[in-house]
Each structure stands twice: as C-alpha cells, then as structure tokens.
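Both of the next two complexes hold subunit A, though its partner changes from subunit B to subunit C.
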Partner chain A sequence: MSRSRLTQSNRAGWAMALPGFGLIAVFIILPFFFAFGLSFTNQRLISPNPTEWVGLDNYRQLMGMGVLTLEPERDDEGTLIRDEDGALAYPRLRNFTRGNPDYAHLDGMREWLSWSWGENQVVVLARDVVFMTAIVNTLTFVLIVAPVQAALALGLALLINQRLRGINIFRTIYFMPVVVSIVVVSLLWRFIYDGNDGLLNNILSAVTFGAFEPVDWLGNPDTALPAIMAMSIWQAVGFHMVIWLAGLQTISPTLYEAAEIEGTSRWQTFRYVTWPGLRNTAVLILIVITMQAFALFAQIDVMTGGGPLDSTQTIVFQAVERGYGKQDISGGSTISVLLFLLVLTISLIQRYLTRERN
Partner chain B sequence: MAQIDPSNRGLRLAVRYAVLVLIAVIFIFPLVFMVVSSFKPDQQLLSDTGSLRAFLPVGDISFDNYAAAFQRAPVRLFIFNSVLVTAVTVVLSLLVCSLAAFAFVFLEWRGSGVLLSIILATLIVPFETIAIPLLLMVNQLPWIGFDGLSFGWLNSYRVQILPFVADGLTIFLFVQYFRDLPRELIEASRVEGASWWMIYRRIVMPLAGPVLATAAILKFLVMYNQYLWPLMVVQEETYRPVMVGLQYFFQLNRAWGEIMAYLSLITLPVLAFYFVLQRAFISSIASTGVKG
Partner chain C sequence: MTRTNLMAGTILASALATGAAAQTELSMWYHGAGNEVESDIINGIVNDFNESQEEWRVSLQSFPQGSYNDSVIAAALAGNLPDILDVDGPVMPNWAWSGYLQPLPIDEAIIENFLPGTKGEWDGKLYSIGLWDAAVAMVTRQSYLEEHGIRIPTLEEPWTLEEFDAALVTLKDSGDFQYPLDLGMAWTGEWYPYAFSPFLQSFGGDIVDRETYTTAEGALNGDAAVEFGEWWQSLFERDLVPGTSQDPADRENGFVEGKYAISWNGNWAAMNILNEFGEDTLFLPAPDFGNGPVIGAASWQFGVSASSEHPEGAAAFIEFALQDEYLAAFSNGIGLIPPTESAAAMTENYKDGGPMAVFYDLSESQAKLRPVTPGYVVAAKVFEKALADIANGADVVDTLDAAVDEIDADIERNQGYGH
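The block that comes next holds the complex of A and B.
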C-alpha cells in the first residue's frame, strides 16, 4: 500500500472530526452569525408579536450622534444676556431635541459632552448616552490595562527568571490569583475598597500616619474604574507572567553567555538579547490581554453594577443588561456585533503595528 | 566592572528576596484575609480591618460562619452542580477535541483543511459576543429526554455543559501536540491492520498525557469559574453553580463572615488542587503561548 492510501479515509476523518466540529458549528459559529442577523430585527426573548426586520434601526439607536453649536442668547439690542454670576445664557437643548422639525435628526437625543468654543457652546448629543459611556469606559480600560498589565507581567517574569533558591515558591504565589474566580476576587476587593472599614483605606492611613483621607473607592465616579483596573491587573498578571516566562525560556543561554563575554550592561542585554527573543510572545500577550479586557463583565456586575453615575458601564455589561435583563435580544445582539468589530479592529491594528519589519 | 565583595553580594541577595517577598504579600493578602475572616464573627471581622489583626486568626475563632452559610443557602447542592458540570464538560471535551485533532493530524480526508481553518478562526470570537444570540437559541432548542420531546434548554445541566465541550483552543492544543508525535508509529499500525479507533485509543492517547493534563486544567478553570452564562440560563436553584449561588449572600441582611466562609469554601479546594499540581497548572497556561 502507498503511504497516502494508508492515511486516507474520508469516512473515518469526518466521523472523528464531526462531534467537535458540529458542536463548534452549533454553539459558536451559528450564534455568531445569528448575532449579525438579529441585530437587524426587533427580536425579543419572548414576545407575542412576530419578529420584524428593522434594518439599521438598532445601530442608529445605539450609535446615533449629533453635534449642535449653541449661540448665547442676546437681547433685542444684540448684547449678550448674562445671569447674575456673569455666565452666558444659552437656549435650552430640549428646544432642539424635542419635536423641533428643523432639527429632526436630533430628535430624542441627550447631551453627552459639551465644551465652550469662544462664546458659543458646542454640545455633542447621543441617542444612547449610556452606551457611549460604556464604549469610552471599555476602551479606556483596554488601553490602560493591556500595556500596564503586559509590562508588569514582563517585570515579574524577569524577576522570577532569576536563579535563586526558592524562586518556585514565589512563582506559585504570583500565579495564585489566576486560579481564583474573578467573581470571588471581585467580592474580596469590594471589601478592600470599602469606604469605611476598607483594608486599602486603613493600610494607606497607617502608612501615612493618618494623613490619608479615606476614599470610597467604588462609590466615587473618579476612582471606581481605576480601582477595578487595578484589581483586574492584580488578578490576571500572573497569567501573562507565565506566558512571558515561557518565552524567556526559549531564548538560548548561549546568547546570554556571548553578551556576558562582550561585557554588555544589563539594559543592553535586555534590549539586544532578551527583547528581540520575546517578539512573538509580545504580540500574543497583547492580543490575549486585549480580548480579555474587552470582555470586562463580572467585575462590574459584582462590584458596581455600572455605577456610580455610569462611570463603570462597559460594553458587555450593557449587552447583558439589554439582551438578558430587558430580554431585548436584538439590542444585545447589536452590541455584541459592535463589540466583535471593535475587538477585530484593535487586533488588526495590533497585528499591523507589531508586524515583522524587513 | 567593580569588584564584588562578599558582603555586597549578601546585601544584594537580601534586597532581591525583600522585593520578591513584598510582591508576594501583595498577591497573597486578600486571600489570607478571606480565610482568616471566615472564622470571625462579623463585629470582630469589621473592627479587625483597622490593624494587622485582619490577617491573623486571633480573637473569637469558630466555624460558626460556615454553619450559618450552610443554613442560609443550599451550599452542598451548588458545589455538587459545579463539580458535576465541570467534570462532565472536561471529560467530554478531552474526548471530542482529541478525536477531532487526531483526524486533522493523522488522517487525510476531503475538507480537513477548511474545517480546521474554520475552527481556528473561532479563536478570535470572544464568548461574550455570542452569549446573547446563544441565549435565544438555547431558549428554543429541542431536547429528547425521558419525558419525550421538549423545547427550551433553560434550567438544565446540558445548557451549562454542551456549549463548552468543543472549542478552538482545546483542539488547537491537541493538534500542536499530535504533530510532534512520530507518524511512522501510526503508519506502521495501519500496515498491521489496526483500525483508526484502535490507533487513537491504544497508541495516541497513551502518549498524550501532558496535553490531556493541559487541556483538562484549562477547561476546569473556565468551567468551575463560569459566571456570565449560568447567570443568564439558570434561574432555578436546582441547577445553580457555585459562583451564581453567591447571590444568596447579598439578599436581605448582609453577613460578611458568612460571605467569607462561602468564598473560602468554594476557593480553597481549587487552591489546594493548584498547590498539588502547580507545575502542571503553570505549564498548561504557558503552553497556550509558546507556539501561538
């Protein structure tokens, strides 16, 4: 028998691959395409009415935006009207966003951002301000957590890669939070971040001999998201430390020996031996962290529920709140599609930026 | 370079260890706090947070919180559910994914290249982006059970198990591993007339120990820690897993001691498992990255 005849078998091949491929097709590929399809409908989880095709309505509802430049109010002679504090008076937004036929495209929108431009005021309106906030929060989370976590993980990996007695004990400890559920971790940190009896406040006040003013970390819109970032990094950094470590161990020791003979400094060794050897690992880690960071949900659900003042709303939290909480499957699916497109775009950009340059 | 005298070296060693220990404290203190607090009455638990006593098992130490936690929620049931769902998924996943990988690596058949590419492409689809349409799907899927045909998978074990049996990463890990096995071994057995199933069972699987451990550990971590999915598809207590069961401790009067006891109860077995198998745990995470 020839070699190819030996290993050729359409029937056996399909039979063995089918259970795995079938499950993936049903539970990953099918819902993936459903998400796109459903985002053009008004599907609900349970509804007496038949599902209708609504085109891009869901996307307009989520992403609809408009810009309005408000000119300050003037009296009949054309001088600016100021209130007793000297602030300019502007026409009310609802004159434009509530049934104004000249501004039909802004109908139903709410103020998202605004700033002064000369004496005018520029207002950015959004149809769904909460979702806009969720996108900004998620992107902030990803853009801060991905590089910081990757860098800290590399630092830890370099630290653990030393030849020291008992180093494995430290590796075991640094990795420990990874095996603990993020739900458990989030609950514990809620206690640590507590405004009254929280451990963090107590530690900070002990370190500064009482000079530190207690902060309600999760109750304050300015600190809630950073607090969740810090905790997320704490939990996951060991994961990426281990991947860096695996990358470090693929670098040939002879390269380091050569560097030592050349008498290079520590920084030079890192820059010219270690870092080039870690290129592929770096690309992988960045993509993995980015995907994990975009999926931010459990921390929010357990710690803040999106608050305070929507400062910790995220895309996945919004998708679940609509798709499951309000049983609005089409709205949740639309958010899922937008999330996927965002993840894809960022991954492609990362791929491009870290591409092999010849 | 400057001469390194012994005392200088000793000092540098001490600094290195000090840094390592300091970082270790950062990683370990919340977990120590969790376990220690689970033995304290609420009042003392809260007052202890002001000092180092928060991390020491001192004062009024007892198992009362554990007893109260079992009183408050069907903890045994939750643990049983999680263990069942996790164990069944891990076993099925190892079987299904290794079989598929076996077919992709050792057999030549029409469509294998395309199928493998499709499977690997699913790696860029985070579960969170398909969860909502999947929720609609499982709400309408048919099932044939002892009581005949029924529709809707909500509130069941199967809805927690079947979507997670096959995944691109696990198949990828098996494919990577099988590619390094000697093909001559398989071809020789074919010449001797062994069936594909025999080769899979008698030759390849006995050699697959390391990758089986890796795949099992990764799946175990994912499944035991499931939260988003069971939150949506399991409303009935009967099928609720441990992480969703936490909600019981936030209703009505919140008792921190009981929460800490419950957290310790569902976390310590995993940590014990990790400490025993830490080399396997760490190398399983590492292997997701080496060849990626």
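The block that comes next holds the complex of A and C.
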C-alpha cells in the first residue's frame, strides 16, 4: 500500500476530527504523561513545599516486599513453648519491623501472607499491604466478573433474540440497570444487602421458612467482595447483552436455514453457526469487560469504602483515596501508572490469545 | 467591529456596570447548600450586611457539604478562590499552611468571650472564627437508666470506664434493646476522629504527639492507645454497639425508635430527640476513661482567602456576622451552640435552664481541639481506617503500628508540615 489515505489531501476530515482528538489529547493523553512524570516526584495535592524529584521511591514504597522466617520461641532449656492448644508461640513481628537495626531492610513493613514451614513460620512482608490486597482483590474481581458477566450476557442475548410478542419489554427490563447511575444502584443495593432487615436476608429467610441466619453481606470480610461482584455483574450485564445481540443479528439467517436443512441439533447450531459468527464480538466483549472491571471504583466508594478489613480495596479506589483523600498526588499517580502497565499487559495477552489463527 | 474595538467595548461596559453599583464585589463560599433553614439564615446575614453599608457587596455561593472541601482545593489549584470562605475547624491549619488563607484581620476584642473551640488559631495567628460550636453527648432517657439502676452521671462526676462498661452490659443483658450503645459507625468520614479520638485522648493517647507534631509514635501506639484499642474492639466483640456496616437510617432514627439505649450523638441531632422524648431526654457528659472526660471541639468557621484583594472588606463582613443576633439565629434555626453567653441567653434552647443548655456547659468544660496541624487531614483518614479495622477484628497493636507508620511517613514527606 502506498501512503495512507489518512495523510493525503484530507483537510476537511482532519478538521472534523480535531475537536475529538483535541479533547482526548487534553483530557486523556496529557494527564497520562503528567501522571507518569509525577510518579517520580513527591508532588502533593496542596503544599507550599517545592516539588522534588524522588526517582523510584514511590514505586519502592508501593511494591517493596521482604521475607522473614520466624523461629518458634523456646524457654531457657531450649524446649519449644506451646500454648494451651499446643500451638507454637512466635515472636511478635513488630520486634523485627520497628526500629530493629539488624533488620533495617524490613523497617516499616507489615505481614501480608504467612505459612508454616516445619517448626518455623515464613512471613511475606510488604511495605504497602493495603495496595497488595487491592491488587489481589482487583484481579479476583476481574477473573470472576469477566467470564460470568460475558456468559450471562450471552445467555440473555440468546433469550431475547427471538421473535415473540412483547420481547421488547424484556429487552427493556434487562437493559434498565445500565441506564441508572451506578451510584444510585450502589445505594439501593446497600439496602438490599443490609445485615439486619435487608431485602436479601428477608427473602432468604422467607424462602427457607426462617432457617436462614441473616448475613451482614457488606460487613463481613468473606462476603463483601462477592456481594459487590454479584451486584456489578447484574448492573452491567444488560450492556453486554446488547453488544452480543448486535453480534447475533449480523449472522446471516441463511446460515441457520442451511443448518436446519442439514438437520443439526440446537447445540450444534450454536456451536457451529452462532459461536463462530460471534468471534469478533466475543473478543470485544472480553476486552471491554476486563477494562471496566479493572476500573472498579464507584461501588466500592459508595458501598464499603474499601472495608471491612480491606476485603474490598481496589486499585482505582486506592489511587483516588491517596491522590485526593490523603493529598498524595504522586502516590496516586504511581498507582495509576502501575494499573496502566497491568491492564496493558493483560490486553496484549488477550490479543495474542484471541488472534486470528490460519 | 475589529477585535480591539470589541475588547475596548467590553472593558467600558464593565467599568460602567461597576460604577453604577458603587459597591466592591466580595465573593463568598459556604458549605451548607441543601439545608433550607441554614440558607435562609446565611442569606439574611448577607442581605443585612449589603444594606448596612455602601462600600462592599457580598455575593454568596453555597455548596453541598460533601463536595465543599474538594471544590475549595480545586479552586485554589486553579487560582479562583473567593474572598470569604468557610472552613471546617480541624482542616483550617492545612489550608493556612498551604497558603489558601490569610490571618483574619478582625478586632480580637470582639471575640474575647467566644468559646475556645470557635477560634481557629494556627502558628500563633487567628485564621478563622466560628459563629457556633458543636458538642457531642451520651444521649439517653432518664427512664432507661432508672429502670436498670444505672447512676446518672454529672459534669463533676462522669461515668468511669468500669461504670460505663458495666452500664452497657446491664443494658444489653436486659434484652430490651438491639444494642445498648450506638456510636454512629455509619457516619464515616470526619465523625470518626471527631467523635472517637476524644475517647483515645481520655485514655491518655492521641492521634499524634502534640508536643512536637512530628510523629505519632507513642501517642497512637503507646500503652494507653493499645488499652483503648482493646476496649474499642471488645465493644464490637461483645455486640454492645452496631458495627461499621450500620444502616445510616438506623443511625438517624434508631434511638428514637428504641433500638438503642444510648446514642453518642451531636447537638445537631438533639432537637429531633427532644421533640420525641421531651423531659425524659438526658444529655450526659463523655465518660472519664482515666485522663478526664473529653469531647471534640470546633465546627465550621469563617476565614479570608489569601488571594483576596479586599481582606478588609471580608473582615468587615465577618465582624458583622459575629453579632449576637445572628449567632442566636443559627442556634435557633439548626440547634448549634452559640459561641457567647450573651447569644446563648437569646436562644430558646441554650438560655439558662433551656433543654440544650447542657451542651454549652459540655463545650465549655470538656471540649478539646483535634490536633492543630496541617497534617491532621491525612492523620484523620488514617485514624478512621484504623478504628474501622480494629472494630472489624484486626490485631490492635499491628493496626495501630501501621497507622503510626503511615502518619509518620506523611509528616516526613511534607517536611514536618512547618512545625
């Protein structure tokens, strides 16, 4: 191909694209480079102190990790000290991580994970446990929400892709949560999940004739993140349903007719006609859901604020909390840059895995 | 018309407009949008001021409280601050240090008799002044305490830790209530440091070391703080108080509906409770956990922005607003504590023998300012998270250590916040 048509005698086209390009440049591209630059400084949101270059300090502060092996405590004769349940006693971590000159590299770190290794206990320490938790939570969220939401959306799309009387009513109902602001939806779901007399607890106890013990869905570290996942899937499933539906409707009816003449079963029709026809839609939906899931913020902000016990901390929530709440713009920027790298990597992997294979 | 002509025209027109008004325009921001009574009062003051003299004309813009601080910071970054703005007491040092506020050029004699919590001082200078103060109390009903044989505490002799704890257990064991005490865990944000750091202070700890303001080590993770943390955690473990996932609606109405026996609540909620229970209502002082009973001081206050070109005009407005009649109006309208005794005497609730007069006494005798440092904004957030985590069962010592580290790191990154 010779020179792209984009660059040739196309002034009107460029002029029309300019407002869009300009806005994207000013509000997305420029801030991105700002964030990149700020992540190497100690910039505060408001401060009379001059900004200083700090190199990779912010990254070290966020990603710093260390490992410590704790030996069980022994009494004077060297026998192991055990408590009433027979469990071994270990020295407190703060003896090592707070002002201990022999372990200066661990100073200020906190326990992130730990497990037993024979008699000893191995402890993985992180300089910023909250951020580590946020990464794990976000990845968990993405890994569960992306496939479940995509599959449910496809199911709904197949259901409503029929010529039935009143099918538009169903389309509208399924699409409705998408149109409502996520903040409003989150507030409503807070009432649904309420631990005392929330709707969900009431329904569950009515269905089980009172056998169900009420659960404080958002107040329990074990159920808080799953509760937010369920609500997020429900809220956005309609949007992806519409994309699947658009994909379904591009598949030529003649293919279905041909398949019918061949005498295929319903499953075979789906497997060999519908699914191949949805290939590009599937790639699009997977990438869109992944990106949206990484940006999880509003639900957390409204429903839990990252709690209880950090069980719902997410990367974007932490970026905002630090940048604005704690006036640490450089810290927030650093998180944004790390998130960018993470999403970029995953998108590249997805592209590679879903590439056209000939 | 050429561009130059157009501009000249605009300048001429605006000059004419200013000339016609003859008053210098002063802009003012206020945090109370959405509250009709409050808006009426503040608008009334602005109108009275504009009519009382020829020199200045204040124009008021109100913001919802939730986004007010963000708006101010955004405006400051963009260089668009108004002349007069109001600021939450504990946040004031942060804005003063950042160079958003200038020392308030008003006559100190006017505010001589004001409650100490209403005076916003930082670095030895007055930056802001409040038209009211706020106070919190243990709100309950006389009949509840008498029925369960619990002593009614007084300002001179407040509950001790053991007495208070035993009272909560008694109330819980009676089975009459969902929870004996409501701390207001649903009110996330500034409520946590405002309402709960006084408990910590009464135990003998603090959010930061007030001697130096350069570290939290020893204050927030010392023995006293750990003792406080363990007691705090035990409140939740023993189901004496609703946890962090408390329904905000229960916070608002739970006490009136009889779900809670005692509510740790502010004077702004007192009107509603008085209307319900009348004479039976008790506003009790904070318990003494060992180092004297403490409640938080300081509410919203008025100050002058550093970029104001007419600080004398802004100060004139603030002085005007400090008249007893306006102080009393705010108190009558939304239940706030008037900052002077003479204003208190003009109000229905705070005059001698008034139903809420006890709040004035509480404010006078127990109120303690939150740490007066620009670093408070961050320290408060860290404190809030630590308290929520401990309430949810996190290890007390480790959580307080982590909070200390975070506060210290922030102070260091800000080169000591000018202390």
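Following the convention adopted for this analysis, the second predicted complex is superposed on the first by the 329 of 358 C-alpha atoms of A that agree within 3 Å, B and C clash if a C-alpha of one lies under 4 Å from a C-alpha of the other, contacts with A are read in each partner's own complex, and residues count from 1 in each chain.
Just so it is clear, a contact is a pair of C-beta atoms (placed from the backbone, for glycine too) under 8 Å apart; a residue touches a chain by one contact, two chains touch by 3 or more.
None of these values were measured; they are calculated from a predicted model.
Novice: Which holds for A:324: it touches subunit B only (first), subunit C only (second), both, or neither?
Specialist: In the superposition, A:324 contacts both subunit B and subunit C.
Novice: Please work out whether A:212 is in contact with subunit B alone, subunit C alone, both, or neither, and reply first, second, both or neither.
Specialist: After superposing on A, A:212 lies clear of both subunit B and subunit C.
Novice: Now for A:90: first (subunit B), second (subunit C), both, or neither, which partner does it touch?
Specialist: So A:90 meets neither subunit B nor subunit C here.
Novice: So in the superposed three-chain picture, is A:270 touching just subunit B, just subunit C, both, or none of them (first/second/both/neither)?
Specialist: The answer is neither, since A:270 touches no partner chain.
Novice: Of the partners subunit B and subunit C, which touch A:178 in the superposed model: first, second, both, neither?
Specialist: It touches subunit B, and subunit C stays clear.
Novice: In the superposed model, does subunit B or subunit C contact more residues of subunit A?
Specialist: B
Novice: With the two complexes superposed on chain A, say which partner A:45 touches: subunit B (first), subunit C (second), both, or neither.
Specialist: both
Novice: With the touch criterion stated at the top, can you tell me which subunit A residues are shared between the subunit B interface and the subunit C interface?
Specialist: 45-46, 191, 324
Novice: Along subunit A, where are the residues that touch subunit C in the complex?
Specialist: Per the stated touch rule, the residues are 42, 44-49, 61, 92-94, 98, 108, 110-111, 129, 191, 194-196, 216, 218-219, 221, 305-310, 321, 324-328.
Novice: Which stretch or stretches of subunit B touch subunit A in the complex?
Specialist: Spelled out, the residues of subunit B in touch with subunit A are 1, 13, 16-17, 19-20, 23-24, 26-31, 33-34, 46, 49-51, 54, 96-97, 99-100, 102-104, 106-112, 115, 118-119, 122, 124-137, 139, 162-168, 171, 186-187, 190-191, 196, 200, 221, 224-225, 227-228, 231-232, 243, 246, 256, 259, 263, 266-267, 270-271, 274-275, 278, 281-282, 285-290, 292.
Novice: Where on subunit A is subunit B touching in the complex?
Specialist: 1, 3-4, 6-17, 19-24, 27-32, 34-35, 38, 43, 45-46, 156, 159, 162, 164, 167, 170-185, 187-189, 191-192, 197-199, 202, 234, 238-239, 242-243, 245-247, 250, 263, 280-281, 284-285, 288, 291, 294-295, 297-298, 301-302, 316, 319-320, 323-324, 329, 332-333, 335-337, 339-340, 343-344, 347
Novice: In the complex, go through subunit C and note every residue touching subunit A.
Specialist: Touching subunit A: residues 70, 73, 76-77, 94-95, 97-100, 178, 188, 243-245, 247, 250, 377-378, 381-382, 385, 388-389, 392-394, 397-398, 401-402, 405, 409-410, 413-415, 418 of subunit C.
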